[in-house]
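So, here's a batch of structures to check.
Here come two complexes built around chain A, the first alongside chain B, the second alongside chain C.
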Partner chain A sequence: MSKTIVYDTLSIPDPSFIDDEVKMLGSWFGMSNICAFPTKMSTLSNNRNSSGDDKTERNIIHLKLKTMLFDPKVRQLVNESSGVFQELQTNVDDPTKSTDALYYSRKYRAILSTCILAIDRSNPDKTNETYNQYKMLLHNLQLIWHLCEVLYLVTVPGDTILNNLLDWIKIHYENAENQASVITENKIAYLTDEHIEEKFTFYWDTVIGLVLQGNIDTTRMLLSNHSQSDTEPFIHAIKILKSMPTYSIYGGLPIAEYTSRFKGWQSSAKAKLECGVFLSDSNLNNVMKIICGDPDAINLIRSHCSTWFQFLVAQLIYTDPTVKKHSLSLYAHRSVSKYYEESEYNHMDTLALDLFDGDLEGFVKKLKSYPDSGWSSTHLTNLLHLCDKIEPEFEMSEAVENKNPNEQYLLDYGTFLMTHHSLWQAGVTYLDYCSAGKGYLSVLLSKLEITSDLRVSKILHYATARRLHNVVSSVCKVKGMLSLQKSRIGEALCWAIRGQDSAFATHLGDLYLKDYVKSGCFSNPDILDNLGSIVVTCDRFMFIGKYIQFLKLALDKKLNEAALLYIELLRSNICPEYFRLTLLMDVLMFIDDSKECYFNITDISLITMRLDDAIMESNEDSETADQFILSKVVKIRQGIVQLLSISILKKKIV
Partner chain B sequence: MSNVGIFAEFIGRKVNKVRWKPNDLMASTMFVTGSWDNEEDNVLELWGLTSENENSAKDFPPKLLDCVQQDGNITQIRFLDNKFVAVSTDNGTVKVYRIIGENEDANIHFNEVIAWENLHTFGKGQRCSCKDLAVCNYSLATIGDDYKLNVISLNTKQIHQVLEGISSSPLTCICFLTETEVLCCNSLSQMKLWDLRVAKSSITANINNFTQTQVPITCVAQHPSQKHFIFTGSEEGDVGVWDMRTNSLLTTMSSGDASSLTEIAFHPLEPDHLFTCSFGGRLLQWSSKKSYMCRIDPGDMEYSNFWVNTDKVKTRLSINDVIQPIYMPINSLDIQKQQLICGADNEAVYFQRNLKL
Partner chain C sequence: MVEAHSINAEHKDLIHDVAFDYYGERMATCSTDQFVKVWDQDEQGNWNLTASWKAHSGSVWKVTWAHPEFGQVIATCSFDRTAAIWEEIMGESNENGTLLRHWVRRANLVDSRTSVTDVKFGPKSFGLILATCSADGVMRIYEAPDAMNLAQWPLQHEVSLKVPSSCLTWNPLLSTMPNAMIAVGSDDNSNTINSKVFICEYNEVSRRWAKTESVNSVAHPVHDMIFAPNMGRSFYLLAIATNNVRILKLKPIVDATSGFPYTIETAAQFNDHFCTVWRVAWNITGTVLASSGDDGCVRLWKSTVDTWKCVGVLKRDGKLPQPQSKKTQSTAQNNLTRFFKLGQITHPSEVHWH
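Our next item is the complex of A and B:
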């Protein structure tokens, strides 16, 4: 029993499916496509009426998986990350190499950013909707990945996590900082005594945005650019901001000491706020309220935050700056409930909440359904798995098969990449690292369409390196048969050698020999003269090799050696049946004018014996021994008699 | 192994061939890539290195200057001079392009000069690959799956000579030994030498590797200064050194990487350095030069006969990775001056600005 997971549901708005009697059937088409078609499930009575006059159009619908990852611009994400993935896996196995999870996490994030940049470059005026969507998806992914990195991969002494969280927020919500630099870099306003807060309508939004990111220095700079900056309230405000104690892990200040200083600073600020020092400017008053951690300011903070986690971090700065990692979960839940009036979480919210909760398993499972075809879940799970943040067996109770999610994700992602005409090589990388991957590879590699010789050489390379002999032999067989169809025996033989397919080689050897019987010479001399290792693995080619050697010796008139080889050939009986007579005919070569004797009496009896065998077999095969064979037999017999007479004359053997 | 100065650019198509556009005096700033395995969408692309401002040297990332659709996987790209480039595809087509440079036109682009569609063909509409292409002084020699060797003269733009049935096992690569001698290698580890002056197709030499193994020769290169030395790369990752004066195999060298070599090339000006790239994703530099630490004896005559001396090859050759292994087949490499470029199956081109020679 295996669990069925529904990844996606879609409806097909085709009119032919509207009919109640019509059922949708589908079948796999290739590796990643589905063909869906309507079939009328009709009863017999209906069938009689409707047959023949059904004029409605029936479409076969071809469903193809469209994914972000296969877009030409996003393909670099797949390719580059597969390189990093491979590097990480090899380094894990190698004890001399360091495998710093943080380093690799940053590498993956860098790949994401590069990809976003590439998308931006190809879509400069942001008119392409698809690319805008891709960019948004990748951007969110980067955000969530970074949060995961901050919470789980970065080690913070004392677990005071706020500074890291601030870094995270600052990188992903850079709007306030960008606006601030627009304001401060505007020298004209400074020189012409314009009111800067009037010139830039977003002035106070920017200030609050900066305060909510804990960016105090820039806030001060902005405040001092304000037209009223030399008035009492502004001077006070700037002074308060300047004296805000900052916590740094390596600052040498113990947490308790820092907390008391912070409390002292905040209460003095609060005192000023309550005295109404800032009341003259309502915006400034609001800013100071936020800084004092005033509960009234919550709504204001909320309206300046686009997500609840931004809200969470903003609150923490002025309420609990030394927050520990383990208490984040509590704060997170509080912020979510404060931020949303109703529970209307989107995917990102639940992902982030799982991270704050420390529920990595749940997080990883939810990440799987992120619309990036499993890119993030595969890489992040793998990374977390390798640094032991996820227990390998966490799903053991449910999973029947002995697979951890890391492997399951690798398997899914790898199989998915294998469906692409160009990225299949990257898919191999992932399948290599699952225990079941070899079986998958052996099926998928042999299923790849053989479109070019280049591809064949790559498939063979991958299959050979992984000892998938069945793939090698099946690909070679296919190529060999294709060559044979073009009647290119030499090429087919190359594939037979490559695939170590001795049965196929035997067949090809037969073709060569039959051709020789017909024409009296061998084709493809360049191959047959240099047979190499095939003679050892295939009997037929051993015979061909020896026979060609024999022919050469005979041609060079080295008849003594030729005779030895000839007898050897007959004795070993490796000659195929159809070739026997041809071989025996060669006995006539040894009869020449010199009356030299090459055979002794046992040799001649062997020749006679083989001739008898051949005659017997040919009689068995066909009742009517044809005239051609008979004339040959007669010739051979004459030859044998001549040889015998020569040897008797020479050696006087009786 | 140093990582300094290596850049990668992902170009969205697997790269089968990459070539620098030759430049006589300066380091080249343009290169050409040919893609493969991208369904019907295989292209020849021209890239230019870019610089941030006028003064800084041109560098990666490159800018796409032109892109021409091809009718199949690109099997070979060879520059004839610094303007003309010949391209072959596995659909049996050979085309010659002229690169219209910056001083001729506002935008740099390819201009098709001449094309031979179905130069290699089985007839009946079957795909027949043009396997490899070699150039020598404005003559082109091509080999294909149809066992034909075509010699094309670019001065007359005509097919000069056709030799048919030059092999009975698949041909793999071709190279000119001299202007009139062509060497063809096949997948049974055999090499055949053809003399183009002899009227009818006749073999002048038939060289076999008698090591009993019939490993396909995948690539071939000629020593730039000692023209009688031929270097072959095999599918099992070793390099064979052949002496064409005696038609014999001098030695084989192995790097320990047993995957198929895809391209073998000498540094054109520093023949002591040989470069190979392989399916295993490694780009290796084989240096026969003595280390700088050693005292160089100016009268060392043995040195010029380095490759003949098998012992020396075994002891003095040093093999180094030029770039970090990338775990995906590297299909092609090219060197010009001090800069090296290579293209791989992870849809990237890698650029090394300063080779250590």
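Our next item is the complex of A and C:
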């Protein structure tokens, strides 16, 4: 029935492709960009002789999708609707909060209207083609959403839907009403006896437009402003209009009663029409024809309607004013076929037809391909799903994998927002409500470019709140590696601490200790003084922490405490191999003029044992057993002997 | 609406591969001119050439980035029978205050006796691990035992497939399936051997890599293969570029006791290119496949639950003159980049990339 183009072809014009032999290969990059590059295909074994003076242009082409939602003016639509979305999801779980679908539907529509107004304001002279197009897209969306609301969310007692349809048409096609107010507000014409229908060329168009929207009161007002309003035909016409019975749900009249009154009123009008009462003014005669539901008037009605749904509603006013919802489908199809000469429906037509047909699922599926990147289909399906309007059955061959039919929409829309550098946080909101969302979030969050520190802390905040520890550690590791590449070890260590990455921290700790072996001091003392929990999870930093504490005690001449810590360090054996001799050299610190004895015999035997270990290890690795190490060993040995002699003298312990 | 951005690659011969880093901010290109170039995107979105060096003594076929958790590392493979690992080093800053960067060769992998046709880093959960395949049909696994030391890349395993191999891909794997898996493709033209796609797996018990399955349904030469990123699916999708686009679905068999523990079925097959397909690539979520064919088109395929459909086509066009090229090329700062709009898509069903 409908002509839907499944895909579009994009031409990539580039001088690289002048040669027909040149193929274009495509790949993805970043979040959702496409890269295409030119190449020729030859069998791999064919060794080509490359000539250096090749002047062929070879361009790599990057394609980026720019959609309406990414426009700064439309972004408020994304942000505000994500707020409403979230409010709706939390209220659904809360029995004390109301989840009136109509309320939320109107909220979403209000956001659409505000967005349209914002676009209008930024494009006052309507010269920006893009914004004109966006406005049209959003306007159509609002129209179709409103129709869905009228047909499915508003409850109408007795199912007499016409008044609601009229409200819908009046809001979206306000041209007639606007023109009418231009005419009636023009007092000069009234005072100067000017012929109002001559002054305003659109006078009769306006009258018919009003009649076709069932706006009888304004029609009467216009007719009485006509220069001939005191003549017989006009008096009759105004009288007929005044006596037109109006149906209101709460008006008290039962449908049958109303229908007979309406028929009576229309047949009396018809009698006057057929007597030729209005023939003196052909325009007035046409208006009366419409009112009488005359089949001849159909072409006239058609010419005054810009869409078939306007046409549908206009006809219903004077042919079946108490139409029930279920018979709308039939009328809708008739209207479409009468309205179009050839059956050439556009996207909007099929959407509206699905709604009139009661095919919500078909409607939602088609709405998905509306060029709003899934904004409407996501929010509307979510709303309908929460109101139990769409049963979770459609298009689910693998129902187990995806319980909620709305979920695919949420996933797609959330993923789509995540690809934008500033809307990704809104995207997280939608993925949060998908059962598969966590897997998506863990991939997408860690793929976000870590350009600024603010952004990194936001990503870490979101990941931590969702217990995505793999994302936290991955992001921290990447940041740490980038710092390390710039030789900023302290910064790298901060990232290792933040990511609780003990393997990376061990590597950094080794860098610090090796640097100490060479230079005799630690860089970044401020960071090393505040290591935090990393000393618990990482052996290397447990050692560094204790060692720095030991150095401080020794510096403050608290040698008794320092000795205790020193022995503890040696006994626990957490000192890395390359640092053993450096640590043992520190034994010389305990030899001072006070001739104080800090170690007992077991301590000293431990020191000698560790020295033996170190010598043995360095013998295994013969390259390191150089003169430098030997001289160190000698010094340590002398120190041990001195300590021993002091302790024998002092305590006389053997 | 699509915004296009064209960058003159400045290679003196055919470009064979373009690879992007994890974030899509850095781009590496390689060419028959034996050079590898690295491009970086600045804050304004312009791509600037930051490194260019002669990496091999033959055509460089493929270039690939390691996960940034291992630093700024790329691997290349070449017709000169070697693969190489490169790391970016930052030196002292110059007088302008910008850090000087350059790429150094950390390892040269010389085990192959023929052209090395593909090189890929493994999933980061396996550590710093690299697979290569070569024209003599050998798949090799190299591993850096210490991820912080890129100089050591011992050859860990060799699996002989006995047919010229053209491409390989790592399965990104679910965490519940610890056995590493690689698919290797062959572009062998002779019809003597039927199978062109092989699945290799690491066996935890024997601690060895071995060929565990040959896929018989693919009989034409295979030019490229790629596993889809796994976003929590219970199965794996393998896209294959052969005489058409093929998507295989590997489903784990529950309680498999012996043999190959997956069922392999063809999930989709597209003949729209009407000729050889050279490249396949998945988007970030594994939902849209881009295939590049001999017809000069890149086609985009999207899955909706169990059906696949074409959602867009990119068509090369060399005939159109480039109206803006001369003007923008003369601007001094961004002489490498030009913008051109490809026109707005007004039809409701615009290209859906997502």
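Operating definition for what follows: the second predicted complex is superposed on the first by the 595 of 654 C-alpha atoms of A that agree within 3 Å, B and C clash if a C-alpha of one lies under 4 Å from a C-alpha of the other, contacts with A are read in each partner's own complex, and residues count from 1 in each chain.
Convention: contacts are C-beta pairs under 8 Å (C-beta built on N, C-alpha and C of every residue); 3 or more make two chains touch, one makes a residue touch a chain.
Keep in mind it's a predicted model, so treat the numbers as computed, not measured.
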Practice item. State whether A:24 touches chain B only (first), chain C only (second), both chains, or neither. Key: second
Check your understanding: For A:13, is the partner it touches chain B (first), chain C (second), both, or none of the two (neither)?
Key -> second
Review point. Once the shared chain is lined up, is A:605 touching chain B (first), chain C (second), both, or neither of them?
Key: neither
Practice item. Could you tell me if A:449 is touching chain B, chain C, both of them or neither one (first, second, both, neither)? Key: second
**Study point:** Most chain A residues touched (candidates chain B, chain C)
**Key:** C
Review point. Just chain B (first), just chain C (second), both, or neither: which does A:86 touch?
Key: first
Practice item. Using the superposition on chain A described above, determine whether A:457 touches chain B (first), chain C (second), both, or neither. Key: first
Review point. Between chain B (first) and chain C (second), which, if any, makes contact with A:75: first, second, both or neither?
Key: first
Review point. Of the two partner chains, chain B (first) and chain C (second), which one does A:486 touch, if any: first, second, both, or neither?
Key: both
Practice item. Could you give the residue numbers on chain A that contact chain B in one complex and chain C in the other? Key: 451, 486
Practice item. Name, in rising order, each residue of chain B that touches chain A in their complex. Key: 8, 10, 12-14, 16, 36-39, 72-73, 75, 90, 122, 129, 131, 145, 167-170, 187-190, 192, 206, 208, 210, 212-214, 259-260, 279, 326-329, 345-348
Practice item. Using the touch rule from the top, collect the residues of chain A that touch chain B in their complex. Key: 72-73, 75-76, 79-80, 82-83, 86-87, 90, 118, 421-422, 425-426, 429, 451-455, 457-458, 461, 465, 486, 488-491, 493-494, 497, 523-524, 526-527, 530, 532-534
Revision key, fill the gap. The residues of chain C that touch chain A in their complex are 1-16, 18, 20, 22-25, 27, 29, 32-34, 43, 47, 58-59, 61, 68-72, 79, 88-90, 99, 115, 117, 124, 135, 148, 166, 187, 229, 231-234, 276, 278-279, 281-285, 287, 290-294, 296-298, 300, 304-306, 309-320, 322, 325, 340, 342, 344-354
**Study point:** For the chain A and chain C complex, residues of the former touching the latter
**Key:** 4-20, 22-41, 44-45, 47-48, 50-52, 54, 57-67, 130, 133, 346-347, 369-371, 373-374, 395-398, 401-402, 408, 412, 415-416, 419, 436, 438-440, 443-444, 447-451, 474, 477-478, 481-482, 484-487, 507
